[in-house]
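Quick one: structure below, then a few questions.
The chains carry the letters A, B, C, D and E, assigned in the order they are written, with residues numbered from 1 in each.
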Amino acid sequence: MTHLYDIVKFGIYALMAFSVLAAILAVTVRNLFHAALCFAAVLIGIAGVFLSLHADFLAMVQILIYVGAVMTLVIFAIMLTERFGDNSSPQNNSLTLAAFGLAIVSLIAFSTISVKTRWPIQENAGALHLSVGELAYALLNTYVLPFEVISVLLITTLIGAVIIAKKDRVS
Amino acid sequence: MMEKMFEVQDPVNHDTQTLQVNIGPQHPSTHGVFRMNVVLDGETVVSLKPVMGYLHRNHEQIAENISYTASMPYTDRLDYFNSMSNNFAWALAVEKLANLDVPERAQYIRVIMAELTRLVNHVSVIGFLLNDLGAFFTPVLYAFREREKILDIFEEVSGARMMCNFLRFGGIKRDLPAGTLERIKEVIQNFPKFLDEFETLLTKNEILCMRCQNVGVLPAELAVNASITGPMLRASGVNYDVRKADKYSIYDRFDFKIPLGQTGDVYDRYYCRVLEMRESLKILQQALRDIPVTGEIISKKMAPFVKAPRNFKPPVGEAYGRVEAPKGELGFYVVSDGTPQPWRYHVRAPSLINLTILEDLCIGHKVADAIVILGSIDIVLGEVDH
Amino acid sequence: MIFGTGIIKGMLVTLKAFLASYFKGPHEGGIFTVEYPEKRLAEKERFRNFPFLLYDQTPENLRCVACDICAKECPPKCIYIVRDFDKEGRPLKRPAIFDIDFTVCMNCGICEEACPFDAIFMDHEFEIAGPDRQNKMLYHRDDLLKSNEYFNKIRPTDAGAIDARRREAEEKKKAAAAQAVKAKTTQPQPEPPKT
Amino acid sequence: MAGFLPDWVLVIKSVLISIAAIAFLGPVTMMYLTLLERKVVGRMQNRIGPNRVGKWGLLQPLADGVKMLTKEDIVPTPADPIAHFLAPILIVVPALLVFAVIPFGRGMTAVDLNVGLLFFIAISSTTTLAIFMASWGSRNKFSLLGGMRSVAQMVSYEVPMVLSVVPVILITGSLSTNDIVLAQGGWGGLKWFIFTPWGLLAFIIFYLCGVAECNRSPFDLPEAESEIVAGFHTEYSGMKFALFYMAEFMNSFTISALAATLFLGGWQGPVLPSWLWFFMKTYVLIFIMIWFRGTLPRFRVDQLMNLAWKFLLPLTLINIFVAGFWYFAPNTIVRVLMSAGVLSLSFWGLQKLNQGYAPEKRVYQFGD
Amino acid sequence: MIPLTHYLIFANFLFVIGIFGALVRRNIIGILIALELILNAVNVNFVAFSQNTSPDPATGQIFAFFVIAIAAAEATVGLAIVLALFRVRKTILTDEIHLLKW
């Protein structure tokens, strides 16, 4: 069975590389519509990574919420704000070099931190398979307060967004 | 870049730019070659300019160069759904011009044929309206099944299903073949059964009611001012039917009612047509009961011209013959200068006049409604562009 | 009334049509269409398609006498006739050229009405297809010729009436001719001069 | 043969077999669904439907396939090539992926995820992305209108669809489709969820939303031929259009299959083999979809939205409460009557609230 | 299977690309996309840590749910603002909107 694990491992690394590449594209591509599509690819890549971490409920929720709803919103916004076909304006401003330098520096810093420190790895690290029942139990028992607060927050943002975006605002 | 900052439009104008769409001559549901220049804001129609003339065949100019009888087959091609009522109107006009009398039996046969074309037209129009609403061809094919039975009778009588060319001035071309009246009686017996089934399929259908009620409302005074005629006018509640107003031919002998709607929206136009079909069936039953079994079929004064239509020279003068065609008041205005060719020949096309108010009905509605309103107006491009 | 009942009743109508299509005949709601090339509907007698010229017995004795009435009467003017002349140049009662342009003709049947010599009638044959518009669809005299038997086959009652009328006219003419001959034979004995 | 192969090759072989089965099953069902639809709708309209190609028109799908392949593939010049090219592919991928979760027979589920149902809903929500690409990519006014309409419709019908599935999960206690089917076994089929009041209502709502999700008959606004020519796939021809067509039919198959699994007891059935039960139930539901297409006219955009947000959504919420009550109440007749009463009351109440959309009574005088 | 540090490096990459995008993009929607990228990177970290180090693996995933919920809420409000802005200014390029009062 070890060959199988190697194949799966190789698959996951390929998936990670694919997502990083898609992320770079999402940030640099000139046409905004293509950027949004690359971002969707990143999201699906990340859902795959969650699956490799045995968090399959989270992966499905990620696809459902992000790719289903948030991407729809983003693309709706792009469609409504872009005039038909003038997507040739340069997308990046003067800060490019400075931002690139900062990015490289912070990348190196974070990577060294994450490699150097000895994390308290549990012995049964990767084997734990979480069932949806335990997840629900945790969500509605230990973390019920944040759960309710989040629902209040969602309602307020919903109403707020509608008021902001309404066409004939009586301001 | 600075000046870009200061040209700020007022915040209320529509930010999504309006969409100018050509629901063009080649479109699945414009009932022929008819273009609508629609400006949309999102889904709602802001302005709608009809563009016509793609099927203009110079009909009136041709009629001024050929004899009176020769333009009878051309009237078939005006509103190619009801060739018999087109012939009826043209025959009436010339009979008024040359004051010909029409024998009894010919009158009855003319009325029977006219009412059969009304059935065919109304059934097909409801089918096409349902097609625009999205029902995938089922109502149309039920309607066409009934239409086939009636077209078989036309073919038996006149020789052609749609281009009948059957009426002549002073009567009809040839008498009915044997057994035709029995076949007509049989069709009329089965029609109400089909109509009830058709109504259960459509009239109470919630989606149809949602899509058609209070859509494209035509107020009564706008209808009268725009000289709309036919089911559209009666759906808005105006009691005007040329058969009752003019009492031409022998329509005064039949008792039938005129269905009137209240709000004048697409639903009322649909249902007025269903009720009109039921009235036509009443007329047909009475006509079949009273038709004289024998009798000549063309007036004596036209005998010499049967074999030589080009010698027919009506006296100098003008006449306007009109008939209640299924689409509205179809009229023919003809001026004669004594020669075998008419001097001036004009067709009052009901579809064209009913189409003029398309924009007023569609403003403010959605794109889907504009198509349905066009379907309910019931136009045939042959008549609109004649 | 519950919201969906109208829709459900309507759907039952189509379900009935669906089931009827397996069990019922064409006129009680079953399959109404006919599979065209194999099975065909019965043709109506007065059905009119493009015109044809009639000849009795042999294609030579054409009924048409090239009187040009149908060409004048035809609304779209799609008939073109040229009279035939014999060797000495005297006009004959036969058309040398009789063309009908089938792309122009709208099969209205006015030529059949106007023809005083029962020479031109409307055909029943509608499966006409030509490779191109110019020559195949322009029918010349020989393509239009059809026999009287064919005419009787496709339109029995009309053909019968016309043949009866022509036979009657024939007898009347023969009787008149016999009368004339008899009158001519009795004529040579001059009556004795009136004294 | 299987004896001496190393076990990891076995795993891969079983995966390949299920992939091959689905890759074959998907397109073939699509082809014969098109034929079934044309035949059934034909029969409803008193005509026969295709019967020229093959014995009863059985080779008609092959003829359509060849026609689609040989048709020229036109790409409009202003179109954005990447989006235009990727859209048909990205619309077929979710349609095929979803086959993995459907339990065709007793042991015949390709991948028995324990979040199977959520997988189905998540994957079927990604089709909005592909429709966006199709409508925005082809730079055509009609497809833009169609794209906007279809995304608005799919997003607003996904909410009631997801919520109508919640009672089933609540009662069976697991998201895996196999467990749901097992929970409906026994008593010769009387324990199917459709025979409980909340199950019946949830089935109707799920089925309607499913029909809306794959843009079929009363909700086929995005490709409304009579209004905006062909909606988001106006600018597609040849094989790309065939892919859109295939995705639509595969969606309608999977939606019917899932509805059968959730409410009609999947492959549970007294005598016949399990997969036969499954296919019979699915094809009954597909017949109903085709029946819708043969009879009903189309909704308008705002009526569509109103039906989803103001009518179906509140009903599903109430349905969840009733299912909760059903779960804890003792298994007596009182429970059935109570829940049936609550549901019909709420149905009537919501219908009264939406009175504006009910058909008005119309009276007609007769002048002379 | 896959050691914790590889996940962390992957998350760092995404995080850094997100920051780079947020700083560089001229279009507000581009910035919103970059922001979402950052939040996703954080999510990956949460789940990786909860799977490998914490005794009860549910905590990380629960936190990831909350992050997804907040990200969705933030996206809606952000895009509502973008729409309102576009209606007034006809442009959503950041360097063209820098006057507080006009």
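Throughout what follows, a residue touches a chain if its C-beta (ideal position, glycine included) is under 8 Å from a C-beta of that chain, and two chains touch if they have at least 3 such contacts.
In this text the structure is predicted, and so the values were computed from the model without any measurement.
**Student:** Can you tell me which chain is nearest the middle of the complex, judged by mean CA position?
**Tutor:** D
**Student:** What's the chain with its C-alpha centre farthest out from chain D?
**Tutor:** Chain centre farthest from chain D's centre: C.
**Student:** Going by the contact definition up top, give me the pair of chains with the most C-beta pairs touching.
**Tutor:** That would be the chain pair A-E.
**Student:** Let me have the rounded angstrom distance from the C-alpha centre of chain B over to the C-alpha centre of chain C, please.
**Tutor:** Computed value for the inter-centroid distance: 31 Å.
**Student:** Roughly how many whole angstrom separate the Cα centroids of chain C and chain E?
**Tutor:** Result: the chain centres lie 84 Å from each other.
**Student:** Would you mind pulling out the distance in Å between where the CA atoms of chain B average out and where those of chain D do?
**Tutor:** 42
**Student:** Can you give the whole-Å distance between the Cα centres of chain A and chain E?
**Tutor:** 7
**Student:** Find every residue in chain D that makes contact with two or more other chains and list them.
**Tutor:** Correct list: 44-47, 144, 294-296, 358-359.
**Student:** Counting only residues that touch at least two other chains, what does the list for chain A look like?
**Tutor:** In chain A, residues 57, 61, 69, 76, 80, 84, 167, 169 touch at least two other chains, as defined above.
**Student:** Residues of chain B touching 2+ other chains?
**Tutor:** If we look for residues of chain B contacting two or more partner chains, we find 11, 15, 138, 142, 145, 201, 204-207, 209.
**Student:** Inside the complex, what are the residues of chain D that reach chain B?
**Tutor:** 41, 44-47, 141-142, 144-145, 149, 217-218, 220, 224-229, 293-303, 357-360, 362-368
**Student:** In the complex formed with chain D, which residues of chain B make contact?
**Tutor:** My answer: residues 19, 21, 27-29, 40, 43, 130-138, 141-142, 145, 201, 204-211, 213, 239, 244, 255-263, 267-268, 271-272, 275, 366-369, 371.
**Student:** Within the complex, which stretch of chain D touches chain A?
**Tutor:** 6-8, 11-12, 78, 80, 82-83, 86, 113-115, 118-119, 121-123, 125-126, 128-129, 132-133, 136, 139, 144, 148, 151, 155, 158, 173-175
**Student:** Quick one: in the complex, what on chain D touches chain C?
**Tutor:** Touching chain C: residues 40, 43-48, 51, 291-292, 294-296, 347, 351, 358-359 of chain D.
**Student:** Give the list of chain B residues in touch with chain C in this complex.
**Tutor:** Touching chain C from chain B are residues 66-67, 69-74, 138, 142, 145, 148, 152, 155-160, 163, 165, 173-174, 177, 190, 197, 200-207, 209, 306-310.
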